[in-house]
Amino acid sequence: MSRFAGREGPIRLGMVGGGSGAFIGAVHRIAARLDGKYQLVAGALSSTPEKARESASALGIPRSYDDFTAMAKAEARRRDGIEAVAVVTPNHMHGPVAREFLKRGIHVICDKPLTATLAEARRLQQAAEKADALFVLTHNYTGYPMVREARALVASGALGRLRVVQVEYPQGWMAAPVANKQAEWRNDPARSGAGGSTGDIGTHAYNLARFVTGLKVEALAADLSEFVEGRQNDDNAHVMLRFEGGARGMLWCSQVAVGHENSLRLRVYGEKGGLEWAQETPTELWHTPLGEPKRLITRMGAGAGPEAARVSRTPAGHPEGFLEAFATIYSEAAEAILAHREGKAPPEGVTYPGIADGMEGMAFIDACLRSSRRNAAWVVP
Amino acid sequence: MSRFAGREGPIRLGMVGGGSGAFIGAVHRIAARLDGKYQLVAGALSSTPEKARESASALGIPRSYDDFTAMAKAEARRRDGIEAVAVVTPNHMHGPVAREFLKRGIHVICDKPLTATLAEARRLQQAAEKADALFVLTHNYTGYPMVREARALVASGALGRLRVVQVEYPQGWMAAPVANKQAEWRNDPARSGAGGSTGDIGTHAYNLARFVTGLKVEALAADLSEFVEGRQNDDNAHVMLRFEGGARGMLWCSQVAVGHENSLRLRVYGEKGGLEWAQETPTELWHTPLGEPKRLITRMGAGAGPEAARVSRTPAGHPEGFLEAFATIYSEAAEAILAHREGKAPPEGVTYPGIADGMEGMAFIDACLRSSRRNAAWVVP
Amino acid sequence: MSRFAGREGPIRLGMVGGGSGAFIGAVHRIAARLDGKYQLVAGALSSTPEKARESASALGIPRSYDDFTAMAKAEARRRDGIEAVAVVTPNHMHGPVAREFLKRGIHVICDKPLTATLAEARRLQQAAEKADALFVLTHNYTGYPMVREARALVASGALGRLRVVQVEYPQGWMAAPVANKQAEWRNDPARSGAGGSTGDIGTHAYNLARFVTGLKVEALAADLSEFVEGRQNDDNAHVMLRFEGGARGMLWCSQVAVGHENSLRLRVYGEKGGLEWAQETPTELWHTPLGEPKRLITRMGAGAGPEAARVSRTPAGHPEGFLEAFATIYSEAAEAILAHREGKAPPEGVTYPGIADGMEGMAFIDACLRSSRRNAAWVVP
Amino acid sequence: MSRFAGREGPIRLGMVGGGSGAFIGAVHRIAARLDGKYQLVAGALSSTPEKARESASALGIPRSYDDFTAMAKAEARRRDGIEAVAVVTPNHMHGPVAREFLKRGIHVICDKPLTATLAEARRLQQAAEKADALFVLTHNYTGYPMVREARALVASGALGRLRVVQVEYPQGWMAAPVANKQAEWRNDPARSGAGGSTGDIGTHAYNLARFVTGLKVEALAADLSEFVEGRQNDDNAHVMLRFEGGARGMLWCSQVAVGHENSLRLRVYGEKGGLEWAQETPTELWHTPLGEPKRLITRMGAGAGPEAARVSRTPAGHPEGFLEAFATIYSEAAEAILAHREGKAPPEGVTYPGIADGMEGMAFIDACLRSSRRNAAWVVP
């Protein structure tokens, strides 16, 4: 029996992190708001109490806390307390914050990567598995309709047995030394973890490949670089992948690829066809069946299936954005949370990344680091 | 002194039209919600009272009315009544509904085209000009950051004196007879007005060209068609344009262009350069300065200016969507509404389409019809 | 019985015009050479005898003439004289030169537009119809394999009854006053004819639309401009088209569209589908069948038909160029010339533009000028 | 003193291999013909004498030989003998054929890869170094103008010190078992060599990266696959690269990537900018300078440099093709051959791939095989 049984209306949401100047906190807030399924009512938006209060006030959040433990305790006690919390701190705080809420039965929607260290990830995993609460990880790219379509295409067998998986996520914003808040903590292993580009964007690429293909990675060989002087974490990674069943692949992530903004791209080739999807033109999915003309499938366009339609809000031709895909993760989570109120499983089709995806991401980062230290030897992630 | 002087918090919003099954009502609701500046508290969502109530209940809207006049009266009397209303009915009702609210000092955010007839448009114009309330028309494409950038580029003189303006808006969804609700009222002159594709999408194209170039159209010559049997309004229009100052252009809109979804596209050429923007890849703006390599400017990317940044929510590389551009119109309107509370002008830079744009759109439709009836003679819009 | 009956080996070719510094002469020479079906053996490459001789010598052409009449006479007398002549002079000389060779039974391969004036065109038409020699007009874009594919697609009925035809050919190279040889004669009505952009590139666009759709134009309304100071001929044209059977269209050609190089593009929409082809990515043809995903057909790729394969030289993925399409016109002509040696019709499938296409182009230019002088009234081309 | 001193006119060319049904022989013939600098006068087009004779006759080649040794001897003795020979046999015959001509002072233009085995490559290298004749290897992609432009851009320092090099060459034509002549010998290690996709297309990718960046590869780690049953040579290769000076890269080549035709693509990132070039849109080069809008440079367009112009034949906007790039290799070789007649060095700027490039390609194949056998260990190529 859920402690939120009987609740009605929008899900009351809290937020930890995301004070003024943060990028991802604002994204989470919009994502929560877009479909009208959440109401943000409490926050510990900064580890600096005054900043936390000012941020909450500026955002019109009724209840502001000076620290997340106090928040967890107080909210858990309230009859109208939060039902879910968004964790948008730097990576090293994900675990401590999330555990505080999970143990009180409050659902957690957490930014990625899961944590800064593998040890901390394991602690969080245990907490998540023990808790009577959901743990949602915002691998937001899986919220794009055409990513759902791609997964359905693979699952349908349209590509046949898979052979080759190419995934990449180049960015250019850290090509020169960067001195803003976003770059600073990402380059501090204590806060970000030991993975640089691998943790920040490589995990997204890895998760996307896993999500669409469904294939496990049996081994990887990684060659990491720190190109910019003073950089402590990798800012470029070349990774060779071996999947179960014999498929092979490559993953490239980079934060020094000048000219790229957020160029996540996945290409999959099987015996009977190929597919290609790119985040910067997310409405399009290329499907190339063997021996037939190339097909460009568009969101809600002719030939697009129900999986993409389930998470679409507008007809074809209305470009979807990053925020809408992010909102879909929130709304999928909302479906699961509402079902949880009544002790039920989420409705059919509801899909969101969870603790297992987070653990896989951590294993990926760890494997990349281990492999690279051993001169790109094959390791098991 | 505004009747809403002293109000705080999100703007209380009502909605007329937009019951279940409607497309644009849902878009307006998301747009209003996205930036957290509105709260939807009342509605007359359908002209069928039962459907109105059911829709309001399903959407969690607290106050449902059976008809818009009752709504206008009741809300105007409430201390916590709505401050603004979204009008998302079929075209013929825009005027009657909007006037009912305007005359009570309630701001109106109205879908386009302005009305079904020019006569009705003039009545609405008078009402809007007399009212102590804002009138906002959702020519939503002007909410795209790179459309703002394009306008700034022209205004900066970077293109020099303009010569040629090519704008087009092809769709394909009405290529065969369509039997859904969206198509039905669009094909009924009594509800849609006498313009078909000209009114539904031609006005968007016209508005976009006007918005970016700033040039008035002095004359146009239009050749309208009804290709699909049984269609009463035009489903394809070819229009030649003559702008003040000597620039020439073409406008093409179509709802029978199979293969197109929502392919609004603008190209402008001046003495010193050209630009190109397309709605289906809205994050990109091509700028082609005379004698230099082509430049691809991206939202928040290198070289993009403050006008685009003002209406952006995320860093470069995070594709923006239709809903975000639409939300920008709502948020620009919110800025103006908040300033109006205090009897002030909107903050610098705030830009949204209003009654004058609506009148221009109506004049465009009317001119197209007049010209086409006279075998594409030149007429003044 | 052909006067060249019994000849063997490559076709002996002459050239009039195309001396050093000319653009199109060099293109014709490469086109003639590419498939090895011609041998250039004689020329009157310039109206300045010395320049003619120097050019011929530099190009290794064995026989140089000071003027084209002398050349026609001498070559016609030789046992090893030329069998065909390429006419690559400015427009006003096409007719006089071509007639001189046609009347001696020498095949003519002539650049477009046909002539500088309609009167001259009619004289040439008579000469061509009377002569026992072929007249080939290098509307080279019809040599692209995917243009052949597009035509076959329309002819197959895959698009159903046609409704809308959009064709455009923007260039930007004359956006500022241009002082080179190419621009100079194009801007001299005496040499170029009264059509500017209409004659130089509009005729190509018109021919392409005609070639692919097979539809005759019943009426057109044209609005021509001369944007650059000192320009005597149009440098921009907006044209509305009405085709037989009810299809409507637009043609835009411009030489002041900064940022465009040679952006010939055709889009055709019918009841059952659409197609799009662009000269700058000539290997691709979009086919958008109603109710199905968009298809990208590539030269020699899956789903491409025999018409494109007939004029292809390499497998899929090897981009074809302008020169190859131009060479195809030469090679199609060669097939016809070889058949003519034996008094036969060309082999099945052989297709090249001829005198009728030339006359249509002239009628198009003339109609544009007549219409524009009458304020874009509808005229019959 | 060259044995061809004093010759004039086009270079007399012979061909070994390339009989009817061969793909690459026809390409070489067009390439030789396109710029009019060669004349094909002799051939041993097949190892089957009858087929050799029939092919020569069909092509109008005056002198046909039953075997290449006889051809080399006879031609070397003739006063009007060939000055150069094109070697277009399967890989295992490149060496034996080329040596036969080189030792007689006849220039060799040879298809790639250099030979089928490293041992044979070394023999050919010795022969080439000893001979008073040129050895040209048709790594044809270096003939594209925008590849020249890319190289010049890197050399100019516009990208700064290089960091990341991504090159790929996916094809899909061997995704299913293929039973034609092209596929057959490629899958026979005795004729093709031990490299499959690595030899056939990986060498092109490797050469392109080397050509543009100028950087040597210090080590590579390769993971090769044979996905299609019965395939003896690799049909997919993932390779990590380490360049001198610290740059890192990846090379992917595949013949089972369904949906790709000939998708050679290079991306280079340095401290100050990036570039991207793709073979299927060869006219375009992206240059992305740090902190500035992306630039699209086009062949002969604004901002393109003299290196691209040197090897261009038409103005901007006239798409260039595969055959034109291939012809450029022939024409560059012709420049060198003409200079060699007079004992001179080639004119400034003349660039073509030679024996050293061939040896590098062989070392690449060999290194890939060695690395893959050792589970993708790093090896020195």
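Order of writing sets the labels: A, B, C and D. Residues in every chain begin at 1.
Here is the rule we use: a residue touches a chain if its C-beta (ideal position, glycine included) is under 8 Å from a C-beta of that chain, and two chains touch if they have at least 3 such contacts.
All figures in this text were calculated on a predicted structure; none of them were measured in a lab.
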List every chain that touches both chain C and chain D.
A, B
So which chain is farthest from chain B, going by the mean of the CA atoms in each chain?
D
Looking only at C-beta pairs that count as contacts, which pair of chains has more of them, B-C or B-D?
B-C
Rounded Å distance, chain B centre to chain D centre (Cα mean)
56
Could you state the distance in Å from the CA-based centre of chain B to that of chain C?
44
Please set out, as single numbers or ranges, the residues of chain A touching at least two other chains.
260, 290, 294, 298, 301
Touching chain B in the complex, chain C uses residues 163-164, 166, 172, 175-176, 221, 223, 225, 227, 236, 238, 240, 242, 246, 248-250, 252, 254, 256-260, 267, 269-274, 276, 286, 288-290, 294, 375-376, 378
What residues of chain D sit close enough to touch chain B in their complex?
287, 290-298, 301-304
Under the definition above, what is the set of chain D residues touching chain C in their complex?
9-10, 23, 26-27, 29-30, 33-36, 60, 171, 173, 260-263, 279-283, 298, 301, 313-324
